[in-house]
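In the two complexes below, subunit A is the common chain; its partner is subunit B in one and subunit C in the other.
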Partner chain A sequence: MSETKSTHALEVRGLVKKFGNRTVLNDISFNLKRGEILVIMGGSGCGKSTLLRHLIGVLKPNEGEIHVLGTDITKLDDDGLAKVRRRFAMMHQFGALLNSLTVGQNVALPLLESGNVSESIADLVVKLKLELVGLTGFEHLKPSEISGGMRKRVGMARALALDPELLFCDEPTSGLDPVMTAVIDQLTLDMVHKLGITAVVVTHDMTSAFRIANKMIMLFEGQIIAQGSPDEIRNNPDPRLQQFIKGEADGPIPLKLSRDDYIKRLLSVD
Partner chain B sequence: MLLAYTSLTLRAFASIGRSLSGRSTLRVHATFVQMVNVGVNSLPTVGLACLFMGLVLAMQSAGQLAQLGATERVADLVSFAMLREIGPLITAVVVIGRSGSSITAELGTMKVSEEIEALEVMAIDPVRYLVVPRLLAMVIMMPCLTIIGEALGLFGGWLLGVNSLSLDPLLYITRSLQAVDLKDLYTGLFKSLVFGFLIGSIACTYGMEVRDGAEGVGRNTTRSVVSCLLAMLGMDAILTAIFFFAT
Partner chain C sequence: MQQPVPIQQQKKLSTLGNLVTSYHMEISERLEGEIPVVTIKGDIDLESSPKLREFLKTKSSSKCAKLLLDFAGVSYIDSSGLATLIEYFQATQPFKGKLALSSLSPRVRNVFEIVRLEQIFSLHPDTNSALAALNS
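What follows is the complex of A and B.
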C-alpha cells in the first residue's frame, strides 16, 4: 500500500477506462485539496458516473492511478480497499437504501457495522443525522414508504453517519424541491467549512454547482475539457462549456445527428 | 458461473472462519431471521408435501404388495423409502422452489438497486452481511425440516395403512421401526444437510451475479431453481452410491 502524507484528498493521474473497444474515460487527471468541494459536471453519458465509480473503488481503470486520502486504490485488495472506504462515504443518486431495513436502521447501519458504537449511541447519532436532513420522526418508516427525495436525504444522513473525511455525492439535489436543494447545498457547505471534510459532487444542477464548488471539472465525451475555480469555469470561452452552463439547446454539443448522418442512419441496413 | 460459485463459497467459508476466530462478528440475529424465513415458514408446505408423499407411497406399494400377499410390508417400504430418500428429496424440492428462488430474487433485486454496491462502499462485506446468514440458515434448517417432513410422511403411510388397508395401528408402527435402522435416519439427514449447503450457496451465487435489471433477476431466479434441482439430484445419486451401493 502506497500511503503518503498528501495535502490532497484526491489525486487522479492518467485515468483511462475502456469497455470493449469503447473508451469511456480518456486520460483523466485532476486533484483536490483537503477541505474543498469539487463539482464534476457533464451531460448524460459523458462518463461522470463511471468516473465516480472509479473514485469509490467499484470499477478498476485500465490505466492510471487514483489516490484517495493518500492511498492508490487501484492497487489495493479487498481488505485494503475496505480500510480506505471506512474513511469516506458515498451518497448514491437514488439513496441505495436497504429496503428491508427502516430509515433509522439504514442510517445506523455503518455505525453498528463499524463495531465501535453501541446501539444507544447509534440511536442518538441517527436522530442527529436525520435532523440535519430534515427527516426527524421518520426513523421507523421503510424506504418504500417515503418519497424519492426523502430517500435521497436519508442516503445523505447515512453517508454522514460516520463523519467521513471525504464525501462523494451522486446527483444530490436532482428531484428535490428548491428549498430542500438549498438545504442540502448548505449542509454540504457546513460539512466542509465546519467539520473540514472534502466533498466530490456530481451534478447537472448549475445553480447548486456554482453555489457550493471550490473547484469544477467539465467532462465531455470521456475527457476533461475544463477545470478550475467557479470563476474560471464561468469565464472559460469553450462553447461546449458555455452551452452547458447556460442550458441552451443550440450549440456545439451534438444533440441531434446532422441531416446527412440522419438519412444515412435511417437508410442503413444493420 | 462455476468460477463465481467457487469464489463466493470460498469467501463465505473465509468469512465464517474469521467470525469463529474472533476477527469479525457473525450476524447471529440475521441468521435466526433467515432460519425463520427459509425454515419455519416452509414448514407447512414441507409437512403437507411429505404427508401426501407418504399417502402416495402407501397407495402405490399396497397394490403391488397385495399381489404377493404381503400388504403388511407397506409399513416397511414407506419408512425405508421415506427416511433414506423421499423425505430429504421432497423437502429439498420444496425448499428450492420456495426459499432458494426467494434468496436469488431478493439478492438479485438488491444487486440491481445498488444496495449491494452501497454495502461494499460502506466497507461492509456483502458476503458476511448477506450470504453467510442465508447459507447457515439453510444448512441448519434443512435437516430440521427433513426430520419433521419424514415424521409426517410416516404418519401419511400409517393413516392409509390403518384406515384403508385395515392394518393394525401398533403393528404398523412396530414394523416401521423394525424395517429401518439408525443409519437410514442419519444418512438421510446428512443428505439434507448437504442439500441445504448446495441450495444456499447456489441460490446466493445466482443472486449476487444478477445483471441487466429486472430481466436479469427473473433469468437468474429460473437458472437458480434449475441448477439447485440438478445439483441436488446429482449429489443425491453420489451420496446414495457412497452410503448404500459402493459399501
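What follows is the complex of A and C.
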C-alpha cells in the first residue's frame, strides 16, 4: 500500500481489441478514482468480459493504454505484471473454487502462494475473511456442501485474502436472491467505504448497479455509449441505454442480426 | 521514564537492540513504569508483519504481563497484521497477559471493526488511557 499512488486506480486510453477482422472493443477510454465503485454494464456479447480480461492483464490490446494503480500494464512483461497483480484481485462469477479443497483451504490459497505467510497466520486470516463475508465456521466444508450464494461469498473472501487495493467482480450477484444480492452489495460498499479499496463490478443487475455505483459505463457493440454518475446514466436519453436499464424486450438493441448479416454468417465458411 | 530509542530510516531489515525496522515499518520500545510501550510506525503488511510477529514472540516467550502497542504512527494494517496480533493475544491467554492498543487512526480502526476485533482487543484513544486500563 505504500507504493507511489496516482489519484486514479484505473485509466484506460483508446483501447482497441480486434479478433481477426472483428473489432470487439473500439476506442474505449475511461478512468476511475481510488475509493470508488465502477459498474460496467451491457448486454451479452457487448465486450464486457473482454474488457475485464484486459483490465486484469489476461489480454493485451491492439492499441491503447491501460493504467492499473498507476502502471501501464500493456507495457509490462510477465514479472512486471505479476507485481501489479499482487495489488489487485478478481472475484469470479461462480466463485471459481477448487472442489477438492475445503472452503478454508480455498481462501488460504493466495496467502500460501504468496510465500510470505506461515500456515498459522494464514489460518487466522481465513477466519477473518470468512467473518467478513458472514461465513464464520464454514471453513471445513467443501464447496459442494454450500449454496451458490455462499460459494460466491467464499470467492469474495478468497479475492480479499491478500487485501487488494483494487477488486474486480464479474457478475457478483447473478443467480442470487434479492436478500443475498443486498448482502453482497453491502459487502462491496463496506470494502470501499471502510477499507478504502476500489472496485470494478461487471453486472447485468440494474438494482445492484444503481445501489453501489459511483460511476457507470454502458458498453454496446464494443463501444462505450454512455458513462457517468448513476444520475447521469438514469437521465441519459439514449434509447439503447434506457432499454437496457428498464429491461425492455422492444427497442433499438437488436435481438437478432439483420437479414443480410444473418445470411452472410450462415453461409460463410470459417 | 526511559527515553524511546531514536528511530532511523533504514532500508535493510535489521534488529538493533530494541529497534526493529523493515521497509515500511519501524518498532521501538520504551518503559512506562513496568509496562513496555511499543511504538510502531509505518505499514503493517505482508512484508513487515513477520518482523512484528518475531518481536511479539519474544514478548510472549518472556510472559510479558502487560504490553501497550502505540499505533499513532501506523498508517495501514492488513489482515496478516491483524492475524499477528490475534496470535499474540492467543499466546498471552495461558499466563493472562494484558494487551492494549492506543491511538489508532480512523482508517486503521475500521480494519479492526469490520471484522469485529474491537470486541477482542482493548483499543484506546491515547497512550494515557491505555496505560490506565493496563494498570487497573
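General remarks:
The criterion applied here is as follows: the second predicted complex is superposed on the first by the 250 of 270 C-alpha atoms of A that agree within 3 Å, B and C clash if a C-alpha of one lies under 4 Å from a C-alpha of the other, contacts with A are read in each partner's own complex, and residues count from 1 in each chain.
Assume a residue touches a chain if its C-beta (ideal position, glycine included) is under 8 Å from a C-beta of that chain, and two chains touch if they have at least 3 such contacts.
Remember, it's a predicted structure, so these values are computed and weren't measured experimentally.
By the touch criterion stated above, A:E131 is placed in contact with subunit C alone, subunit B being left untouched.
In the overlay built on the shared chain, the residue A:G196 is in contact with subunit C alone; subunit B does not reach it.
Look at A:T7: by the touch rule set out above, it reaches neither subunit B nor subunit C.
Once the two complexes are overlaid on the shared chain, A:I56 sits against subunit B while remaining clear of subunit C. Of the two partner chains placed by superposition, only subunit C is touched by A:I121; subunit B is not. Legend: residue contacts after superposition of the two complexes on their common chain; A:L98 is shown touching subunit B, with no touch to subunit C.
For the contact definition in use here, the subunit B contact set and the subunit C contact set of subunit A share no residue.
Those residues of subunit C lying in contact with subunit A across their complex are 23-24, 42-43, 45-47, 49-50, 53, 75-76, 78-80, 82-84, 86-87, 107, 110-111, 113-116.
Residues 1-2, 111, 114, 116-117, 120-122, 124-125, 128-129, 131-132, 161-163, 190, 194-196 of subunit A are the ones touching subunit C in the complex.
Within the complex formed with subunit A, the subunit B residues making contact are 25, 110, 113-115, 117-125, 129. Put simply, subunit A touches subunit B in their complex at residues 56-58, 78, 82-83, 85-86, 89-90, 92, 94, 96-99, 109-110, 113, 115, 158.
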